[in-house]
Each structure stands twice: as C-alpha cells, then as structure tokens.
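Following are the structures in question.
The following pair of complexes shares a single chain, chain A, combined with chain B in the former and chain C in the latter.
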Partner chain A sequence: MIADTVQTALPADQGLPQRFRRTRLARNGSLAGWAFAAPALVVYLAFLVYPALTSLSISFTSWNGISPTKTWVGLQNYVGLIHDSVVHTAARNNLIWALVTIIVPMSLGLALAMAVNTRVYLRSAIRTVLYMPAVLPLVGVGTIWGWLYQPAGVINDLLADIGLGSVTHAWLGDSTTAIWAVTVPAIWVRTGFPMLLYLAALQGIPAEYYEAARTDGASAWQRFRHITFPSLRATHYIVLALSLIETAKVFDLVYAMTDGGPGNSTQVMGTWMYFNVFQSYNFGYGTAIAVVITLVAVIVGIPYVRSQARQLV
Partner chain B sequence: MTTQMTRRTALGVLGTSALGAALAACSSGGSGGSGGSGTLAMANYDTTQQAVLTKKVLAGFQKKYGISVSVDSLPGSGAAIYPGKLRTEMLGGKAPDVFRCWGGSIAQPFVTSKQVISLDAAYKQYGWDSKLAGPNIKDMTFNGTKYGLPLYASAVGVWYSTKDYEKAGVAVPTTFAEMESVNAALVKAGIQPWLAGGKYGWYVMRFFEWFLEMTAGPVEHDKLRNTEASWNTSSVVDAFATLQKWAQKKWLPNGVMALDPTQVEANFTGGQGAMALDGQWIEQNIVTAKMAPSSYGTFVPPTDQSTLRFSGFTEGLFVTAESANSGNAEKLLNFFTSVSSQQLTQNAYTDVQGVPPIPGYVGTAQWAKWLAQHDHYVIQDQSLSTTLANAYFNIQSDVVQGSQTPAAAAVAMQQAVEASRTKS
Partner chain C sequence: MTAIPVPRTDYVTRAAARRRRNALAATAVLIVIAVFWASPVLILVGTAVKTAADFNAHGATSWPKSLTFANFRAAWDVGQFGTSFVNSGLVTLVKVPIGVFLAALMSYSLAKLKINLRRSILFLMLLGLTVPIFIAVVPIFTMLRQVGLIDNIWGLLPPYLAFGLPFEVLILTAFFKRIPQEVIESARIDGASELKIFVRIVLPLSLPVLITVAILDAVATWNELVMALVLLSSPGHRTVPLSLLNFQGQFTTNFPALCAGILIALLPILVAYGFLQRWIVSGLTAGAVKG
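Take a look at the complex of A and B:
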C-alpha cells in the first residue's frame, strides 16, 4: 500500500530505489491486473492452452494413442486430410449443416419472435414451449428423432395417414436423405435461441417508429423491411456469429442418430475426428482433424469476439 | 512494501492452490493400479447383475489368497467405448492390474504397444492349455505369444422362431439354397424373415462374412480376413451380390442401414421377425422374456462347405505391463479358470472345459457343443484393422442400398486394403 502511494505520487522514477522503478506494466497500472488475473490464467494455461498445444504437437505424429512413443510424421496427417474422401464428405456435410441450421433457425426464430411479441393469449407459455427444445440434451433429442424416423416410425405413419404413403421412406437408412433428415431436429432445437435474442431486440425498438410509419401509410412489409429488420442488425450479427461457431462443433445429433452412416454419408468433421481418435487408434490423424475444426471455429469467431471487445472498450 | 508482498504471496498461494486442486482432481478416478502386494485392481464391462456375481468370485479369491480386488466396471459400453477408457487409464499411469477385453484387432493395439504382458509362462505354470477350449486361445495369441486368457467364447448363429417356421411350413435348412427358400416362404406367409440393424455396420457384416465363408471357403476366407489375398475376386463379388440380393428382396428389413442393432434382440422376443443372426447372449433376452424353450431354436448358418465353420469371437482377461503384482494377477486369472468360479459367474458361454450348462439355456448349451466340435473364424470386425473395418462398412452400406455394384464393391475393398497397407 505504501509503495503504491509512493509510486503514484512521484511523476517519474527519480529518487526511487531500483526495486521501485516503474516498468511499463507498472506505469500502465496493469501489474495488479495481471496479478489478479493470475489464478484464472494459470487454470486457463493448464487446461486450455497446454492441452491445445499438446494436441497440436500430436497432430504431427502417427501416435496410436497407447504407445509410449510418438513418431514424428511432419505434415503427413494434414496432407492425408486433403486426400481422405471421408473428409471431403464431412466438409460438404458441415457446409450443408451450416447453411441449413443457420438460415432456417434464424428465419424461423425471427418469425416466431415477431409472432410472440404481440399481445397473444398465454404469451409467456408459448414462448417457453418454443424455447424448450433448446435446453434438451442433444443425444436424447437425437435418440428420440431416430425412433421417429424409423421405417415403421411415427413420421412415416403420419405421412401414410394423410395420404402421402408414397412419400414414406427409410429417411436415415438412405445416404441421399440421411444428412437432410438429421438437420430437421437440429432446426427444431436451434430455433429457440435466435427467437429469444430477436424477441429481446424487438422489445427495444421504439414504438414511435412504427406509429410514424403507419401515419405515413407504410404497409406491414414496408415496416418490417425498413424498421424492424435494420433495427435488428446487431442481433443478426450475434446470432450469425454464435451459430457459425456452433455449426463448426456439430457432433451430438449426427453421432446419436446415424453414427455417421449409412456408410460414411453423414460424417461431419467432429464425428470423423472422434472415430479416428477413439475407435481407429489414429490419434495423430484425428487430432489433425481437431486442429482444423478449431482453426475454422476461431476464424469464424474472430469477428464476433472483436465486436464484443469493441463494445467493452 | 509489506502489503504488496502479502498480496503477491496471497495471489501466488491462490493460483498454486487452484492448480494443485485441479491437478489433484485429475489424479483421482479410474481403475487405478494395485496399491500394495495384497490388492489388485480389475477393469471390466460387467452388467449390474454380472458385477454382483463377479464380486462373489473375488470374495472367494480374497478368502483363499488374502488378496482383495477392486473392480471398475463400464457396463453396456461395448467395444466402442471401453477400450478407450482403458487406454486413457494406461496413459494416465492408472492402468488396472487385470482387465477384460475382446481378442483380435481390439486387443491388438494393447499388445503392439506393450501395455500387456505375455502369459506364456503362466499358461505352463497353471496348465491353462488343458483347462480351456483350444480354438479360442488362438484369438488371444499374437505373433505366437499368448497375451490373454480366453474365458468367454461367443459364436454367431441363426436363432429362429419355431412358431414362424411352422406358420410358413418350413424346416431348419441344411443348405444355403434351402436357407433362401425359407426366406421366400416366410415372406409369402407375411412374416419378416430376418431382423437386423445396420446402424453401426457390424450387424449386417455378420451376413456378409457368412456369405463369404460360403463363396470363398475356409482357406480363402482366412486369407482375405488376413489381407493375404486380393479382395478383388469372384468369391467376394458373389458374397456382395448375395448381400445385395437379400436386401433387395427385403429378406433383410426395410431401411436396415438405419436400424439400431440393440433393438434386434428385443424385436426377436417381441415377434417382429422370424430370425436373428446373433450370439448366445440373445438367449438371455429370450429367457428374460419367458419364451418357452420350444418356441425358438438355433442352428449353424449353412455354408455348403465340407468344413463347417461359423463366426465367433473371444473375450478374456489380460494383465497389464504396469501391474506391480503380475504374479498375483496371474493367480487371479487362474482362479477364474476353476469350474466353481465359472459356475458362480453363471458364464453361459464359458471357454473353460467341464462347466455344466446353465439350466434353461438350451440353445447356449447346444452352441457350447458346436464350439467344441467345429472351428470358428474370428468375426470380421475383429479380424480386420479398425480402419479397414470402417472402409468395409462404408462399402457394405453402398451395396445394401444398391448404389454400388458387387463388382465395384470388391474393387473398392481391395483398394481400401492397399491404402491401409500403404498407410501402415
């Protein structure tokens, strides 16, 4: 405390013993900040940075995950990714997943938010019901939807009951329909979150804007186009950024519903990484996939993190 | 000055404590090695019911030798998860002294990575060769060295509903042509011939390896499984063609590649299909479902070969290289080879000779005789490397869906074998 006072009182380092001379950190007043952050930093370094760097080093080996020795193979695993046909399938599926499970939930979320942002009966209950799928465990969701999709399951039964018997299909048993079928529960689960964010944002738009627009004779579409949509710009950005990060991590639903099959037709990068690391003993190769997934998530996450940082400054 | 030092010290202590607590948390859990000469640690995948019986055996072991054994079970995890847990424990320096595992390519990585010890000396010391059924010891033998003690011998055969067979007016087939006639007759009678689940690949694989045993014969089939012969051959094409035919004729269930194999046993006892290509464990479901012994039967899948073989696999016990008490661990393994221990664990498909059959398990008793009479080939996903098995599952899926011709499938399989060789 005494030392702090002295340091603050003196304009320069003149007259101070060596140990009291202010470093650049001390001048910025950030030494204490670093000290306070140290416990969290230690945990962060030990449990995030160190494992991440270890994983990175493993990705340059052909380690099988058990052997005491790790053979350095350089970039061989990364070159292997380029030639791996399952990686191509997984990358395509990740792209399909990103497009479908971002665009549809965002659109539905916005539509539902606008619908429940009115004075409807049981408004709170409706909001809760619509958000509920978002809090369900994904493996449970995947298992239940897997049953629904069975050839003799509820979905085919419903289609037959409404006269669409010819459309019934082994949705998850056909490589051409399986990945699309898996995106449906993903949409169901992921619509609640954007709805909640849009709902909060909609309530922040001043009612005067709409009153003025109505006075000027603006139609409902024009009010949406010129007031609602632009006012939600920041929310669009947050939802999009978070959804992009989420899509890079897709694993649970695919694993629970199809296990990457039939064949490898529904593999995504996350499941293919898992199979290589935990089932095929290709630890080095699987870790290389994990590094790529991380890089993609970081790249798509940078704009969001920067925007959040700007808001904090 | 004093205050600053105190703050630094406090922060340092706090940070160190947090790290220490976190690291301490990391060091707990898992099977863990033996703590002293009077204790052993064991890992297995016993079900809750099996765990109770295993504990009774271990209590007997403690009474006889004064060595207590702690058990860490991962029930129901299957070969997909349990080996990963073992691997993590070994890497963390917490390997159990003894663990249960499947043979073949599932145990292979533990052997090649020198995580288990040779049991050759223990086999001689305890005379295990004469206690166990010979054919299954080979499933635990790698490069001529015995690394595991086989205690569970499983075989894949046909389990059928006698009621459905009677309804369709068919008898147990003795040739493959008769088998296909049975399929056709069951369809005609409005009965789904086979139950199967292709979700993880391995259930449908059982059909293919059966067909391959028929089309290639035992010698060529073994060469193919050991990747010593080209898969781009007529016998492989014929086996894939048969698989495709069975799928297209709906002898396998509609949308089979999406069905979960864990449902097959329940669906069989629920009367949703006439046959299942399953191991003796299906009889546990049958007994639990209180099906009368006369309502179901079992037979060896016909292959039309002069040497009758079927698919099988072996599970057993291994001793880890990390074990500080490998002598005691081998003593424990030997304790499990006694008839009384096998009876106590109610091991219906024991590999130990002289164990009387469990009352009520008619089919399992029959399979014990067949296992003793006939040789078996190691089930395909434990013969092939996991990478190659995965490539096979992909090809199999395309064949079943009709998106790949049998000839193209044979070519693709050989390409996968060559790619696997290049990689290794």
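Take a look at the complex of A and C:
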C-alpha cells in the first residue's frame, strides 16, 4: 500500500526505460496477479488455443497424418464440404439434435421442476433419481439404449404388450428413424439439468406473488403465464445458452449407438470428422469439418460468454 | 411445518387434511414418474441377475425367477473392467486436483488481485466452454506422438487439464468474487505474502466450492470419450468408456451378461453419485444461477 503511494507520486517518465517498465509493473501491482494466472493460462494456451489454431491451418492442407509434409490446398477442403452429401446429412442431424435436445429437455425439465416444487414428500430423493442419467458416461447410456432398441428388445416388447405391435420397428436399423431414436436417450440425459436450475429458481419466487394473484382470482394458467414464466427469465437464458453450447459437441451417443449408420444416416459433424481423420486418414478434410462446427459453436456461444465475463469481473 | 400455534378449529384440521391428501397424491404421481425415469437402469439390473434360460423364456421386463451372479463373473472376465477402473481412476485422481488448483490460482487472481487485461483473460478462458474437444484431437494426437505419449493414459492429462479449466474458472471466479475484500486486506497488512494469503485463508474459506468443482470435474473426466478414443489403443490402457465400447461388441446375444457388464462399468459412478449428489446438485445450481 505504502510502496504503491510512493511510486505513484513519482513522475512516470523518470529514469531509464528498463526501470520505468519495472516501476510501472510494480505500480500496477499486477506482478502477483500475472504469476497466479500464468500456470493455468499456459496450459490453456498450449493445449486448447494452440491446437485449435493448428487445426485451422491443417484444414487448408491435404495430409494423411503420417507423411512429414502437408500439401497446401487452400480452400479445397471447404469447397469439398459443400459438395459432400454426408456433410449435408450431418448438418441436418446436428440441427435436429439441437432442436430436439434443447426444446424437449427444457420443457420437460420445467414441468418436472414445477411438479417437484409442489407440496410433496421425498422431494430430494425424487430429484436425485431424475438427475441420475446426467452423471452416467454417455457410452454407457448409449449401450443401455442400444440394447433396449434391439428389434426383439424391451421397447418393441412393451409396444406389443400395450397393443401397438404394428409400430414395432428396428429403430436404430432404419435410416428414417435412427437419428430420432438416438435423441431419446439424449433427452433422458439432458432433462435433469434444466430441472435442477428451474427448481432452484422456482424456490426463489416469493409465495406472496401467488397469494396475491389467487386473491385477485387468477387461474392456474394465468399464474403460470404472468408470474412463474417471467420469473424464470434468467434461468431460461442460462439453460438455453448452456444447451446450445453443449449441442455442438454431440459425439458419444451417436458413436456408441449407431456408429453413424445405417448408411451414414446418423452421422453428425463430430462423428463424420472422426471417420474422415481416423478411418480414411483425410486429416485435412476431417479437420475442416471440425473447424466449421467449432466456429458455429463459438459464435453462438459468444453472447453468453461475454455476458458472463462482464458480470464476473 | 410452521411453529406458530394455530387454534385448532374444525376448519383448519380439514384444510390440513386436504393439503396432506394432495401432497400424498402428488408424491404418488412423482414416484411413478421417477420409477419410469429410472426404468432403463432398473430393467438393466433385473436382467443382469437373471439366468439366460429365464431371460430367453420370459424376456427383460419380467420379475427374475431366481437370482444369479454368474453373469457378473462372465462379464468381469471378458470386460477387463478392473484395468479400466484403475486407468480412469488414476487419470481422474491426478487430473482433478491439479486442474482445480491451477483454476483456483487463476480465478483468485481474476477475482481479487491486480492484473491487467482481467476481463480479456476471463473472456478468453470462458470462450473455451464453447469449444468442442474434436477441434483439438488432431494437433494433440500429433503433439503427443512426437513425445511418445500416444497410447499412454498420461497423454490424456494435458488436454483434459486445458478443457477442464474454463468451467472451473467460471465457478471459482464467481465464488472468490464474494469473499470480502477486508479479509484479504487485513492479512496483507499483517505482512502475509499473496501466496500465503491464498493458501492459508482463501483456499480453506472456499473448501465447499472447491470440493463441488472437483466432483463435477471428476465426473466429466471419468466419462470422457473422444480424446481417449483417439489417443489410447491397447486393451491395457482403456478408460471406462473405452472398455464399455469394446465390451458391447463382445456379448451380442448373451444379454444378461451384457447387462451385467454395463452395470459393473456404471457402478462406480452410480455409487459415487449416491453419496455425493448433494454436492453435485448444489454446485450446478449455484454455478449456473449465480453466474
């Protein structure tokens, strides 16, 4: 504190440039700050930022991953993406994935949170069960559901039991139903998170609001529409932002359940990238796919990241 | 519920009884929903303890006629889950403390110390939340190949640390922000160094949130697939997701054994969740609602 005051009192441009720099750092007192931030920053720059930028440069080359030289091909890989019908399928699947695994878990999560938030017994046990799928490894989830979806499996058995034998189906084996079938376990996994956040937010709404509305004769729907829903605005925003960020990362469930098949019909950008790189050894092309999906994810995420950074410091 | 004594009129007891009945009905409905929600796991358990004959005769959803643990023994022998538990456990045990410590150092700096470019650094770190891990797999793969760390579980450490940091920094910065400045100032006046203040005062004050972040990070590390799939190849180096992936191809007809194997692989995380769910739930809500 005292040293700070003394140094601030000195004329800034006095002395040699080197000494000046040292004084400025000392005056700002940011030496300790940087020392604390440096280790994490170095790891982050070396193993996230640097690889991401390296991927960008690899995406402008043709490379089999082994040869010491990469051939510069400019935008050829990106032009290739436009003409690749599997990329079209993957982009469509990513979009389906985003819509289904955001809208359904959010709605279902809100409904469950409201149900759990009424006067019930065993609230925390019920909450624990509903959130449970979210902690399981996605490969495990995929393996369970892959088995449930077997042609002679549990889901078809149950459908037959309730008289819907006519809709039984090779859910994962048919290219028209496979991607939709894979979104079901994703909903199972992803509903718990919005439920937890909505539940926490619902518990923060003052009970007086509802009492006042009831006194004024507001119906259940009006209370939901004019009190509950608007009070959850911040939560809607957080859940939506985090879900959008998460949706671009889809890989595990598709890889474990369908391996992109049948006939590439369930490929998403992540899996198609993986197949190009590690099965066809088209490192440049596969990396271009990763660059595209990453750019989309980062751009979509920027408003959320910026608002978080502003709020925090 | 309430501690205020209420005159027990007939009207009040009837209203209380009605509320109680409603709560019981709502609970019953929610239990049905919860059982339905847990049914994939319940069916898994039910099938894993069945004999093959029982399963073939009565299917997956019938009550087991007798209990057998033979499926678990068969699955354990084939799945090499013991090895994958050790591998995932080692990576998680080393990765999580280092990651949380590095993130805590940085978060403390961003929240409490003087540092230039504070907001830019935080923005850059949080941007990592949005970056899918597959953008890094090819360069990480080639980097590790150069230093001979391919097919080595310790090769997972650098990318896991880097990709874990954004979330840890988000939660920890939000928490450190709320530590009163006076606590730190008074230690400074007593002549404590910044590192000493951090280790002796800030970390102990933050123990609950550090534990929460560590648990969430451990779950993510234990479950990670993409990087492990790219970097690891030999059976002895598999992590849990890789051993499951390999295992599901081994039992394409013996479903009770398949279910037993899945259950074995999921057991550590299920048990951990049972014990730690309070920390997980509070951490997720605190982190996201506050932030």
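In the analysis below, the second predicted complex is superposed on the first by the 281 of 313 C-alpha atoms of A that agree within 3 Å, B and C clash if a C-alpha of one lies under 4 Å from a C-alpha of the other, contacts with A are read in each partner's own complex, and residues count from 1 in each chain.
As a convention for this text, contacts are C-beta pairs under 8 Å (C-beta built on N, C-alpha and C of every residue); 3 or more make two chains touch, one makes a residue touch a chain.
Quantities reported herein were computed from a predicted structural model and do not represent experimental measurements.
*Asks:* A:157 in the overlay: touching chain B, chain C, both, or neither? Say first, second, both or neither.
*Replies:* The answer is second: A:157 touches chain C but not chain B.
*Asks:* If you tally the residues of chain A touched by each partner, is the higher count for chain B or for chain C?
*Replies:* The partner that reaches more residues of chain A in the superposed model: C.
*Asks:* For A:64 in the superposed arrangement: first (chain B), second (chain C), both or neither?
*Replies:* first
*Asks:* Contact-wise, after the overlay, does A:263 reach chain B, chain C, both or neither (first, second, both, neither)?
*Replies:* Only chain B; A:263 stays clear of chain C.
*Asks:* What is the contact status of A:146 with respect to chain B (first) and chain C (second): first, second, both, or neither?
*Replies:* both
*Asks:* Thinking of the overlay built on chain A, is A:280 touched by chain B (first), by chain C (second), by both, or by neither?
*Replies:* Touch status of A:280: first partner only.
*Asks:* For A:112, select first, second, both or neither according to whether it touches chain B, chain C, the two together, or no partner.
*Replies:* second
*Asks:* In the overlay, answer first, second, both or neither for which of chain B and chain C A:174 touches.
*Replies:* first
*Asks:* Residue by residue on chain A, keep only those touching chain B in one complex and chain C in the other, then list them.
*Replies:* Looking at chain A, the two contact sets intersect at 1, 36, 39, 41, 43, 46-47, 65, 146, 278.
*Asks:* Quick one: in the complex, what on chain A touches chain B?
*Replies:* Residues in contact with chain B: 1-4, 35-36, 38-39, 41-43, 46-47, 64-68, 86, 146, 149-152, 169-175, 178, 258-259, 261-265, 275, 278-282.
*Asks:* Under the definition above, what is the set of chain C residues touching chain A in their complex?
*Replies:* 19, 22-24, 26-27, 29-31, 33-34, 37-38, 40-41, 43-44, 59-61, 102-103, 105-106, 108-111, 113-116, 118-119, 121-143, 158-159, 161-163, 165-166, 169-170, 173-174, 177, 188-189, 194, 198, 219, 222-223, 225-226, 229-230, 240-242, 244-245, 247-248, 255, 258-259, 262, 265-266, 269-270, 273-274, 277, 280-281, 284-285, 288-289, 291
*Asks:* Spell out the part of chain B that touches chain A in their complex, as residue ranges.
*Replies:* Listed in rising order, the residues are 1-4, 7-8, 11-12, 14-16, 18-19, 22-23, 80-81, 84, 87, 90-91, 109-110, 112-115, 198-201, 253-260, 385-387, 390, 393-398, 400-401, 403.
*Asks:* List the residues on chain A that touch chain C in their complex, please.
*Replies:* These residues of chain A touch chain C: 1, 28-30, 32-34, 36-37, 39-41, 43-44, 46-52, 54-55, 58, 65, 112, 115-116, 118-122, 125-133, 135-140, 143-148, 153-154, 157-158, 188, 193, 196-197, 199-201, 234-235, 238-239, 242, 245, 248-249, 251-252, 255-256, 270, 273-274, 277-278, 283, 286-287, 290-291, 293-294, 297-298, 300-302, 304-306, 308-313.
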